[in-house]
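Following this message is one structure expressed as structure tokens.
We call the chains A, B, C and D, going by the order they appear; numbering starts again at 1 in every chain.
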Amino acid sequence: MMNKQVSSTELAVADICDGATVMIGGFGEAGSPTELIHALIDQGARDLTIINNNTGNGEIGLAALIGNHQVAKMICPYPRSSHSKVFPKLYRAGEIELELVPQGTLAERIRAGGAGIAAFYTATTVGTVLAKGKEVRTIKGRDYVLEYALKADVALIKCEQADRSGNLIYNKTARNFNPLMCTAATTTIVQARKVVAIGALDPEQVITPNIFVDQIVEVQEPLIDAELIARGRCYP
Amino acid sequence: MSKAQLTGWNREQMAQLCAGDIADQSIVNLGIGIPELVARYVPKGREFIYHSGNGLLGMGPAPAPGEKDPELINAGKKPVTANPGASFFHHGDSFAMIRGGHIDVCVLGAMQVSQRGDLANWSTGAPDAIPAVGGAMDLTAGVKTIFVLTQHTTKNGEAKLVEQCSYPLTGPKVVTRIYSNLAIINITASGFQLQQLAPGITFEEVAERTDAPLLPAKPDQDNE
Amino acid sequence: MMNKQVSSTELAVADICDGATVMIGGFGEAGSPTELIHALIDQGARDLTIINNNTGNGEIGLAALIGNHQVAKMICPYPRSSHSKVFPKLYRAGEIELELVPQGTLAERIRAGGAGIAAFYTATTVGTVLAKGKEVRTIKGRDYVLEYALKADVALIKCEQADRSGNLIYNKTARNFNPLMCTAATTTIVQARKVVAIGALDPEQVITPNIFVDQIVEVQEPLIDAELIARGRCYP
Amino acid sequence: MSKAQLTGWNREQMAQLCAGDIADQSIVNLGIGIPELVARYVPKGREFIYHSGNGLLGMGPAPAPGEKDPELINAGKKPVTANPGASFFHHGDSFAMIRGGHIDVCVLGAMQVSQRGDLANWSTGAPDAIPAVGGAMDLTAGVKTIFVLTQHTTKNGEAKLVEQCSYPLTGPKVVTRIYSNLAIINITASGFQLQQLAPGITFEEVAERTDAPLLPAKPDQDNE
């Protein structure tokens, strides 16, 4: 089977184009592919649309990508947090667009994108401003909002172990959006804490089958976002 | 609007009353912040199974000092543990549990609750605010029973229990019961109805601080 | 945590009512809860709607349930096979109804039922007789058919291991429809080859979280359908 | 309709030709029956990764005698094995792979193929037939490239390559290429176009047995 491992984060993100839509896994720092994001900062692609649960913290990772003016639009359920400073500033200045999507609807739209479901009806947002302009349909006596699939050009993913063919397993709540995003992107780029031989993972335990993975780079000791933020670190 | 602030129950007592109304073996999702206190007051002989939207069922308490795992966190991004019998899953499966009606009880904070059970707890609608909804709308749309834990009025003394929410809704007609510092109040077909008064608080004091009609408790329910 | 184990298949299926909609896991004999089906034959509930990939083989399991005239309707992608004799006979006699659903659409409708998605748009069946009478909508230039969620009163499930709280893991391709059906039924009844203590399963490896499971019965040495059929066995 | 039956390629040769047109590392789903033969003829230096709709990626060949596992089977319910790098998943995830366009090539049998690429392979539409569709419509709707492996005509000598299918469709405009015992034929915007003739078979013989216009091969493509 094909060996999808590449030797550096730099090589892994080399082909991301200006204007690309990029899904970035992680929820808080759990499962956040910080090294791949930093490589994307070095790489310099601009006008990106980023799909993530948040907008990053401090001045590292996603927050640094936004701070570097590479992001034109965020699709995101929760673009503020106690340590998020970069996005609010740019948002208030009108320099970045926001599509606010409930967390569960975001997850389901990404799943739909990967699963060939063009659109679906959910009760989430019915009767709220976030349903404004959307089709509402009554099904079996309850109202539902029509939501469309979400796909991306690229997904940046963090996992615990990858075999060289691209089968992935995750660590605890670092799973979060990562397996969904793998399915919905044209190119899925993964940073794995450990890359193992094909056949080393139990087929019963594989969470992301290799069909969804394109490139793997090993990052054995990933940065711990909270420590960097506590030390006031910035990237680059 | 600005009446004297009354004390009534403190947060811990509110959380404890709320916990007392949750059945044994319930699957519970606790909102970020004050609702998290509910987990400290599980009545003796009962057990709740905690669901965390970021992909954990069977969430346990915060880890012992020095045993934090940055990849084992709750929906509020704080370190937690996993109890025996826990399971991890991705966000799609996690919100399928929520949306599919598999969570029994969700306890949330509130900015406003209307007399028909509308909840507003995600945005003031202020033009300069950064809108952030998280999973709140998924929870209100999907969880069977929504309890609200909240101070009865804002810091400025404004009513949070209102005829109609002025803030953007999280969900319409979703709240079952409100645990405030002054009283436990049910949402009924006729609007707000007192369930229980906090010690030293009168019906009139609660009614004065509620911007909608307040029905007295049913005779057999007033445990004052 | 609650111990969901019951002592017999008889007890496990005792409350299934006449007229119930019952999802039955399995694909062929892999993951087929044959002992629970046999208990349902003994129990005798009638007018059932059964959701399964097939209609059973020989005169055991699902085929025997159908042969015992307990099934009013099948929702099913593939109601015939080399060893299926019972269903064709009753179907041709007009004694059993059939809703034919493509395999992937069936899986997705069940998932939707469990996930609170009321309906979804899929390209499957567009331009075929199976789309007749269904809404077709063009989304981003492609046609999609609207399909509705499917739920059930009861799911009969087979798994490899269950802990007493109802966390399940499966064996190889015996996974198939089982995890989906667990999510879409009001009551999920599981036969497990082995029941283990709460905490004995790795939380990373749980496929069906216990939230979806109501009753577990241990069947250590399940029947092997193919052997029974080869020996011409009937049930009861 | 009833012309003399011609031999041309046998099934194994058809499968081998089809396998030769599948790129290295392709994700391949093989229909039940004759299409399964394709797995025996993977060209040297190439590797296909087989997807089985019932929840297995990385499917391997049939097990050695005595090593059958009744819970490790393929979509045709025959015992198989799992290759190194395989993974198991449920039907929802499996058909998400199909529907979501993640499978590169699917090889299917056919009752009829129309000149615009419509495929009919699930039902004769006969009133007494038990309708059974399985995953065929999901595959034709979702897989990027659909190859058809089929005898050129029925046992009675009726054409299977037709202007318009008389049998109920599996999917409209889905077939890319047909491997019959007489020829390899592409579906083009102009209809059926010869790609390659089987040894000893003439263009006229194929055209006679095709119930729609057959375009000759492009000069540089006819490998007869």
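Before moving on, here are some points about what is shown:
The criterion applied here is as follows: a residue touches a chain if its C-beta (ideal position, glycine included) is under 8 Å from a C-beta of that chain, and two chains touch if they have at least 3 such contacts.
Computed from a prediction, not measured in an experiment: that's the story for all the values here.
By number of C-beta pairs in contact, C-D leads when C-D and A-D are compared. Distance between chain centres (mean CA atoms), chain A to chain B: 29 Å. A separation of 37 Å divides the Cα centre of chain B from that of chain C. Residues of chain B in contact with two or more other chains: 82, 88-89, 95-96, 98-99, 141-142. Multi-chain contact residues, meaning those touching two or more other chains, occur in chain C at positions 108, 111, 115-117, 122-123, 170-172, 203-204. Every pair of chains in contact is given here: A-B, A-C, A-D, B-C, C-D. Residues of chain A touching chain C in their complex: 108, 112, 115-123, 137, 139-140, 142, 144, 148, 169-172, 203-205.
For chain C in complex with chain B, the touching residues are 1-2, 111, 113-117, 163, 165, 167, 183, 198-199, 203-204, 206, 209-212. Across the complex, chain B meets chain A through its residues 52-56, 69-74, 77, 82, 88-92, 94-96, 98-99, 118, 128, 130-138, 141-142, 168-173. On chain C, the positions that touch chain D within their shared complex are 27-31, 77-81, 87-88, 91-92, 98, 100-108, 110-111, 122-130, 170-180, 207, 224-226. Remark: chain B residues 25, 27, 47, 49, 51, 57-58, 82, 84-89, 93, 95-103, 141-142 touch chain C in the complex.
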